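Shared between the two complexes below is chain A, which pairs with chain B and chain C, respectively.
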Partner chain A sequence: MIVGHVRGHGHTLPNPDEHSKSHWFGRLDSRAKIVGVFSFVIVSALLTSAELIAASLVLAVAMATTSGIPLRPLSKAYAAALPFIVLASLSVFLFAGTERGLEMLGRTSACVVALLVLAFGTGTFDLFAGMRRLRVPSVISTLLMLTYRYILVVSEEFSRMRTARRARGFRGGRSLLDRYALKILSFTAGTVLVRSTDRAELVYEGLKCRGFSGDITVWRTSVLGRNDLAFLAVLIMSSCALALAQTEVMRW
Partner chain B sequence: MHIPDGLMDPIVALVGTVEFLAIVGSALALSSRKTREKDLPRVAVLCAGIFVAQMLNFPVGGGTTGHLIGAALLAIMIGPVLAILGMTVVLIIQALMFGDGGITALGLNGLNMAIIAPLVGWGVYSLVHPISKGVGRAGDSIAVAAAAWASVFTAAAACAAELAVSYSVSDGAYGIAGAISVPAMLGYHAVIGIGEAVITVGVVAYVRAASPSAFLRTGVSPPTKTLLVRLTSSKVAMASVAILVVFALSLPFYFLYSSSGGDGLEQTMEDADVGERDQILSSPFSYGDGYFTALFAGLLGFLAVALAALGVLKLLGRGPKRD
Partner chain C sequence: MVVLELRKVGYSYEDGTVALKDVDLAIEEGEKVAIVGPNGAGKSTLLHLIAGFRMPFQGEALVSGKRLSAPTADEIRNSIGLLFQDPDDQIFMPTVEEDVAFGPRNLKLGDIEDRVQRGMTSVGVASLAKRAPHRLSYGMKKRVAIAGLLAMDPNLLLLDEPTSGLDPRSRSELIKLLKSLKRTMLIATHDLEAASEIVDWAIVLNVEPVMKGTMHDLVRSSDVLEKTGLEMPPLPRIFRALEKRGYAIEALPLTTDQASAELTRLIDREATHVRRRMNGSH
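And now, the complex of A and B:
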């Protein structure tokens, strides 16, 4: 249902719901995944020694390859996140030497890979429901669910408008001085917003009819099984090991 | 401008996260239960609209493109409190679904794009707008343009300052040196800001004409008017507070910088001693000054845009009328 051809920041929308139940990672409880991956990412972001960074990178890549998530979209999304990381590493290369630059590259890569595995290996609404059950404020989680749902609808409309624009010979303009192009672009954005607000009225009435009172009740209930606990234990233990090793490094 | 994990110094990220949570918490408290229920679907759909509008690339020139941030647009349409929540949601979706920006950096990204950008946008708009009444539609456009440009520029300045402070606090293990981050971020976003301003003006004018009800009416003043209520419901006072908050948010980073600055600075200077080439590269800014340069540039950009807006308004309206 999600369109694969919409580009955001120059890459395609992932479709986590497509394969999310076909591999073991997708079948885990979303709370275990959130807590496990978050703690891993937080610890990995703190590492400073080259050996530990390499270890966390190996762990992240191992998680990616064994999770059974299709690797092509994963690597594509990683490539999309790359320019900013490379810019940062490049400046470190220039100012603080090659070693530091490589460390930065490895550290950010490990975090991005782990996050992407979480994003691609979890059904979107499972993820939000998991956040909800982890006591994220209901306004935020309700807004997240509604917004994500409507991003799909609005972006489909947006890409239709873009096709129509292109069919009429619009090529995106050349520079900021191109008044015609900027006028077209702002009308496009304006139309997106106007149609969104018109739809919002209908959405509100529809939700009202279904008993909405400012909160979305999560129906997905699951208990933490043996697999979830094992996964959580492995990730937490490796995060703790990395953190301990890091404090050892700092003491030296 | 999405900062990934592992780029920022942990302490800087921690300070940013604390500030971010504090502000989002107060925004949650401010949006009362009643507004929430009625406006939630609309805010959600508008956030989706902003998310999609961020996919809209505009030409900058020389074959490069930039894209909207939309914080000022959202703040003008639904008010600062809901805009903060809305932009936060957009950022969370970008971080969790698309790997754009990290978890440990969510606080800093939120600070730049979900708090500083909408607050500055709304603040500048509310300050310039009342003065522009005598000028008509052009005056409104100027207020919107100033708001959009200032929001992008200030957010970029904040991001550059965080990068510079990370770099000097961590002796170069994290962040980007001020000599690179400040000119790169500010130069690029000063231009991006122009695109953002032009498109935001177009969008606001279009939405005003096509569907005026899209603008949420915020700040309906209650009938009982004590001095305090009148003061707090005055838009100018609130806008000034919003802008003061933005500059107050940068203070902890300043303390962070100055507390470990001396030591870190010398260390960085030693670290930088890699070769002659590097010395030349770093000559425009001495290392530790990155934070101040960015902060100063942000302040300067903000003042410049406010003065420019005032000047243009004066020219257009033969003296602004106040009422």
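And now, the complex of A and C:
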């Protein structure tokens, strides 16, 4: 009866974490993923040799394709990030030449792809909980958790207000020159801000009512299994190999 | 044992607006009490004040014998369960069971597994343990919020408009649930029908207390209802109309059970009356 009742009130908002456990990468312990991916990203960001950058890019793409994460959303996210990656590489293209520019493009892409795999393959709360378990200061992980939690609530509020605006005939907002539309949109933003402030106060009271003392940790914690350790070992060894090869290149 | 005692409690906002004035109230252990009143009557403010969020205030408030003040607020709050009007303001964790465990873990209470199970089972959300609470319906979120409070085993439950925003089915399910909970409760509501089903007695608040009594007393006081802008629930309204048409109503019913009993009595009386008249005419 309860399940039916819940379904009867089905929400239409997409849940970004919905499929995060449906593939092997998603089932890995978030700590293993964070440590593995970040060590890979740090090493990749420091590579200077074109061959090694190409190798790191191949590794990142291999991780993306074998992770089991649907490739369509991953590619879309990468496409969205691409203009920024190109923009970041543009100055290098202009001032240091094509070769250096391409290296910058490859290096940034390898890092972005690896981070996208981490983001798409891990539930948001799992990611923050993993960070906390890795001794990231509670003020950071707790703020991130609460921010994510209430971004969903505020975005629902925003979407309700957008519907209300449309229901009352508002069709503006497509042009920056439409001053009336800009005025209405700024009022909406202001209202959301005021509501968010009020809500923040209530959320604080809600936290205090439940004994909150500055730290949110997850109750059901996992232990690192064989798969987690194997994944971590592969990424750490790959990163070490890249780092060693890079030092060799620098020595020559 | 008196769980909550308020003596001449008053509170004004920073801009000088008086939100509460001279509120006296005493709730015994196990009692369920409603604060009814129109919007802006100070109902939510009173609940938040009892939970130690409106300081400083005038008068004296004692929760389980402890005097409420800034230094004791945290300790007192730990023995109180406050249900917010919007459950989204008090659900923080990624899954239902994590959220129910949130309070007991913060308070370092023992036997968390058992508390979480009991909390979820008592409000009927045990089957949703692994679900993300922010994806549930509004009514279910309210249940999850209540489960979170029950897991903390509070001496006093403060419920702010528990039935607001619920569809009829969720509303009646929640009323049934609150009725079945053996807890000391103070419920702020303007839903007189729901209050009639749940509470033992009520206090009518319009910044200051207007009257105190049972829900029967309240629905009988049409001047109080009119003064405070409260609306009589449909059931007593129907029976009031029958009374005005000359039918003898013993007590204005507040619940469907009371209404069917009153209606049966009324039909019996009328049938006897008609039979007597017919016998007389023969």
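In this section, the second predicted complex is superposed on the first by the 214 of 252 C-alpha atoms of A that agree within 3 Å, B and C clash if a C-alpha of one lies under 4 Å from a C-alpha of the other, contacts with A are read in each partner's own complex, and residues count from 1 in each chain.
The definition used in the following text is that a residue touches a chain if its C-beta (ideal position, glycine included) is under 8 Å from a C-beta of that chain, and two chains touch if they have at least 3 such contacts.
Note that the structure is a prediction, hence the values are computed from the model and not measured.
Engineer: Regarding the shared-chain residue A:Gly211, is it in contact with chain B (first), chain C (second), both, or neither?
Structural biologist: In the superposition, A:Gly211 touches chain C alone.
Engineer: Counting only touches as set out at the top, which of chain B and chain C does A:Val154 meet: first, second, both, neither?
Structural biologist: A:Val154 contacts chain B only, not chain C.
Engineer: Based on the superposed arrangement, let me know which partner A:Val41 touches: chain B (first), chain C (second), both, or neither?
Structural biologist: After superposition on chain A, A:Val41 lies in contact with chain B alone.
Engineer: State whether A:Val192 touches chain B only (first), chain C only (second), both chains, or neither.
Structural biologist: first
Engineer: Identify the partner contact of A:Val203: answer first if only chain B is touched, second if only chain C is, both if each is, neither if none is.
Structural biologist: Touch status of A:Val203: both partners.
Engineer: Per the contact definition in the header, classify A:Ile140: touching chain B only (first), chain C only (second), both, or neither.
Structural biologist: Only chain B is touched by A:Ile140; chain C is not.
Engineer: Once chain A of both complexes is superposed, is A:Ala81 in touch with chain B (first), chain C (second), both, or neither?
Structural biologist: first
Engineer: Of chain B and chain C, which one touches more residues of chain A?
Structural biologist: Counting contacted residues of chain A, the larger count belongs to B.
Engineer: Just chain B (first), just chain C (second), both, or neither: which does A:Leu115 touch?
Structural biologist: Once the two structures are laid over each other on A, A:Leu115 reaches chain B alone.
Engineer: Identify the partner contact of A:Gly123: answer first if only chain B is touched, second if only chain C is, both if each is, neither if none is.
Structural biologist: Only chain C; A:Gly123 stays clear of chain B.
Engineer: Overlap of the chain B and chain C footprints on chain A, residue-wise?
Structural biologist: Common interface on chain A, chain B vs chain C: 6, 8-9, 11, 146, 149, 153, 199, 203, 207, 212-213.
Engineer: Contact residues on chain A for chain C in the complex?
Structural biologist: 2-3, 5-6, 8-9, 11, 15, 17, 123, 125-126, 129, 145-146, 149, 152-153, 199, 202-203, 205-213, 216-220
Engineer: For the complex, which residues does chain B have touching chain A?
Structural biologist: So the residues of chain B touching chain A come out as 2-7, 10, 13, 28, 31, 33, 36-38, 40-49, 51-62, 65, 67-68, 77, 85-86, 88-90, 92-100, 102-104, 167, 172-177, 179-181, 191, 194-195, 198-203, 205-207, 210-211, 213-214, 271-272, 274, 278, 281-282.
Engineer: Can you check the complex and tell me which residues of chain C touch chain A?
Structural biologist: Against chain A, chain C makes touches at 48, 51, 53, 74, 77-78, 80-82, 84, 86, 88-90, 92-95, 97-98, 101-103, 105-107, 112, 124-125, 127-128, 131-132, 134-140, 148, 152, 169-170.
Engineer: Can you name the residues of chain A that touch chain B in the complex?
Structural biologist: So the residues of chain A touching chain B come out as 6-9, 11, 13-14, 16, 38, 41-42, 44-46, 48, 77-78, 80-81, 84-85, 87-88, 91-92, 94-97, 100, 103-104, 107-108, 110-112, 115-116, 118-119, 124, 127, 137, 139-140, 142-144, 146-151, 153-155, 158, 172-178, 181-183, 185-194, 196-201, 203-204, 207, 212-214.
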